[in-house]
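Chain IDs A, B, C and D follow the sequence of writing; residue 1 opens each chain.
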């Protein structure tokens, strides 16, 4: 996709956003203090848009996605408003939220091996999601949907591989399976949390290409969460930059990359090693570690 | 680089690992060739980057160069001496010439040791005197890698990833090596920290004059630090050359695929940002 | 798969041979001379020697061991007249009976005790472990956890005495256990075996509770459980398919081993309640110093454990796809 | 310059948290004892230890030794039942007396603590030593050493240990039974620790700090003792504490079956065995040794579990 295409989509007047997040706060209250990992975050996603959430470790970007799905770990609280296509998600009770999860908003996680259950075939796991949302669907129909979904993410020989267990696939193929699982329900929004972090660059390029292709074919919205600025710059059209749970800056990709307003964004952009660039760019960064805090600096 | 002998020469390195559990009842032991006839040279004050995707054999090469594993065949020559089959005191000498900085500092630093114990360990293991005493020696090294020397009693878990990696670098410096092998040494760090560690590695090289073998999968990082680049895939070096040659005029098909796959920030946006910032800086002054 | 089974079988045979040898050496060296026992009172050294010769006790060690081994498969004779048919585990001169036939008589009682206890502890362990996991950190969880400590700490002979004192002597709710046959009177059979079952099951139930609880809590933290929830599955499906299956699979292994271990006789429980199972037979043999019986029971128990071990391995291979099917095909 | 200041501005908090550092021993002990259950357990264990150590002194205070027969305290006409209620509890005999022979139960409990503690602690020491050495050797060196040790462990663990212990102990002569008990318990006990130590050594060996120690010129012994062993310590401490109650139970069980501590030396298991014929007429005879035994095992379990949580999970006193 060319940049001019992307510019056009950005210039369109945003009609009603597909997802509107206002004042989202995620906290882990303990007896002594409340540890807020996301503070008063607000953003909008236009219909069919692609939003990148960027930040270093501890920025709260993953917690934001889990908060939208109401899948926060036990002990976490969320407040604020999350409106998805006229539905206030924070007001939904769990059974109603279940009809949204997987069916209308699908999620793709990092590390597909641990995200797939080793005891069941991938086909089983895709079909299980399908059957959960389409009542009265037979096993055979669901099985066929699983094969179709796998074919849509370009897994060759899907009819045979549908009966494979997760450990029989390579890392890139497992991530395709995760995407196939998300696709099987024709979701309106896909949230991908570091979907390519564990993968080799060539595989990463294929997976990102696949996500873009799906978005173009189905018109689904995409929220891509990553630490990699170059990845969002190629895949999304809106960006929000997060740090320590705060929104640092948001806007269209081109604006963030060419006219960053926040110092932090500038620092991040300066720190990104460039494949095509001269060598001396990073020399201005200090080499002392005195200012690093233990919470940041490692995404191990 | 120069017409003198290179610091390190590796010739026809091969490493095979046995593969178990394949075949039927009456199987023959099969081997997997992780490194297949690799030859390299590293000059003085040079940084040779070894790049490739997972399973390309780059880390296995690094381990053979550091004599952590023995090659199935081939030789490693350091400073004109064949080090492939050294043992005993000679191996100790080699160990103080070649040091390794690993990917994950929290795995490569013993969690039960303090910085002082960690940094002086190589000298102790080699039975050498610690110049100026352990405390002063540690503090001096910590300062050189940009760590607060008052933290010498801390343990790895009390540091951030970047700080811990600095401890790992300090340990490598302790024996004044001629060659430092960095095995994905910055891959696990956040970008802002990664940039600082790259800067540190470069400034240390300027000050100390050692050479690096820099193993990485991230080509953008390699571009910032390497003087020469070797591209590996499936156990073989498919392309080797000066950094700009490899990046700007890749010869091998695989190198081209690899370079094309790397996500890039639109250069137009970059240029605009530079331009605007320069304008702003000029306006301010 | 076939290769794996064959390999396990070969390993099993080796272990069993070692067990035989080890046991045989110990008893060969240590046991009192059976010739003296047979000889009885008016004994002369000549007479003893004659009996020894008769029984083959004067032959070299390996020859005797070979006779013993072959006796396991084809039977053997002791001197003249004493026939011990295969599988011959030895002959008790004190009871004038082959060890095998003694075991055959006693096995049903041991089996009853083991099966009943196993049913009890599985039920109690899995249910209370699940309750604990669901209510992690709440009062009921801590209460169960406290009970498991008590359950693991109380030696079963102490528990047996306490139960007898309370249920039999003081409250008179239960009869003193006797091995009533099921066919004779099912109700009495149940009431008689109830106390041995409880006594034997308490310790196991406690450790299975802890195991189940820990496994389920661990499974719930797996990433694939989060995936399952993100797909919008009902909690019942998430629990059943994505938490319980992985959590309970390892318990199969442990259960198999524990159960196999019990089939060879619950020595203490059977002894305390005077139930004539294989365990009681062993403890009686100890009192009477009847070495062939002790050795026979040891071999049987080892055999059961080794076979149980293998069965468990095979079952595990069948239920865990990661073991069943190797890496990427 | 501008970027440098940016970074120090955004760097924020410079003081790393100290929670993850290896804690000092005294702090760990404080954390362990901070829960009431474990504090009580520790107190009871100390009490039993004191009983074991000072047994002769304590018995002097109570007036009756463990081997003295008090014929006045039993009623020969009633078949030897202790005189008085509750098994003959009196100011003379604080816990009453044994039926038939009239030995003082208190004195025998106190001396019984010796058997329990000495055998359990000696077995623990021996199994720990064997388990750590064999586990380290198997895990670190691998190859033939690992194959042999692993097979041996499988063999010993596949064994029906209790029956075999009974068989061996009954076959061997009864002199020096204590040493034999320790030996037999240890021979069957070490594989459980060794298996864990081996597994952890295998995974620690994979950790890069071992590789980096070797890259620094460390010899095998230095890698094992300076790099690996310190990281095994928490596991060893936890496994050891959790093993003690098992050994106490085993000793008591073997004594109960008559193959443990040889009479007349008192042991709790043996006392319980003797009480089985009397529980309906003289329940106190089994209640005292039963209770002491149960409480000791329970205390070690509770304490062991607390040690595990503090050492492994890092639970701290609040």
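As a working rule, contacts are C-beta pairs under 8 Å (C-beta built on N, C-alpha and C of every residue); 3 or more make two chains touch, one makes a residue touch a chain.
These numbers were taken from a predicted model, which means no experiment stands behind them.
At the centre of the protein atoms shown, by the Cα-centroid criterion, sits D. Distance from the centre of chain B peaks at C, each centre being the average of the chain's Cα atoms. Looking at C-D and B-D, the interface holding more C-beta pairs in contact is that of C-D. As a whole-number value, the distance joining the C-alpha centres of chain A and chain C reads 53 Å. Centre-to-centre separation of chain C and chain D, using mean CA positions: 24 Å.
Chain B and chain D have Cα centroids lying 48 Å from one another.
Multi-chain contact residues of chain A, defined as those touching 2 or more other chains: 266-267, 270, 285-286, 290, 292-295. In chain B, the residues that touch at least two other chains are 104, 158-160, 163, 192. For chain C, residues touching at least two other chains: there are none.
Within the complex formed with chain C, the residues of chain A that make contact are 69, 71, 98-103, 106-107, 109, 111, 114-121, 128-129, 132-133, 164-165, 167-170, 178, 181.
Within the complex, the chain D residues that touch chain B are 2, 7, 16-18, 20-22, 207-209, 211-219, 222, 226-227, 230-231, 233.
Residue ranges of chain C in contact with chain D, taken from their complex: 15, 18-19, 23, 26-27, 30-31, 149-150, 152-155, 157-158, 161-162, 164-165, 169, 261, 264-265, 267-268, 271-272, 282-283, 286-287, 289, 291, 294-295, 297-298, 301-302, 304-306, 309. Of all residues in chain C, only 222-224, 226-234, 237, 241-242, 245-246, 249, 320-322, 325, 327-329 touch chain A in the complex they form. Put simply, chain B touches chain D in their complex at residues 63, 66-68, 91-92, 95-96, 98-100, 102-104, 107-113, 121-122, 125-126, 154-155, 157-160, 163, 168, 171, 175, 192, 281.
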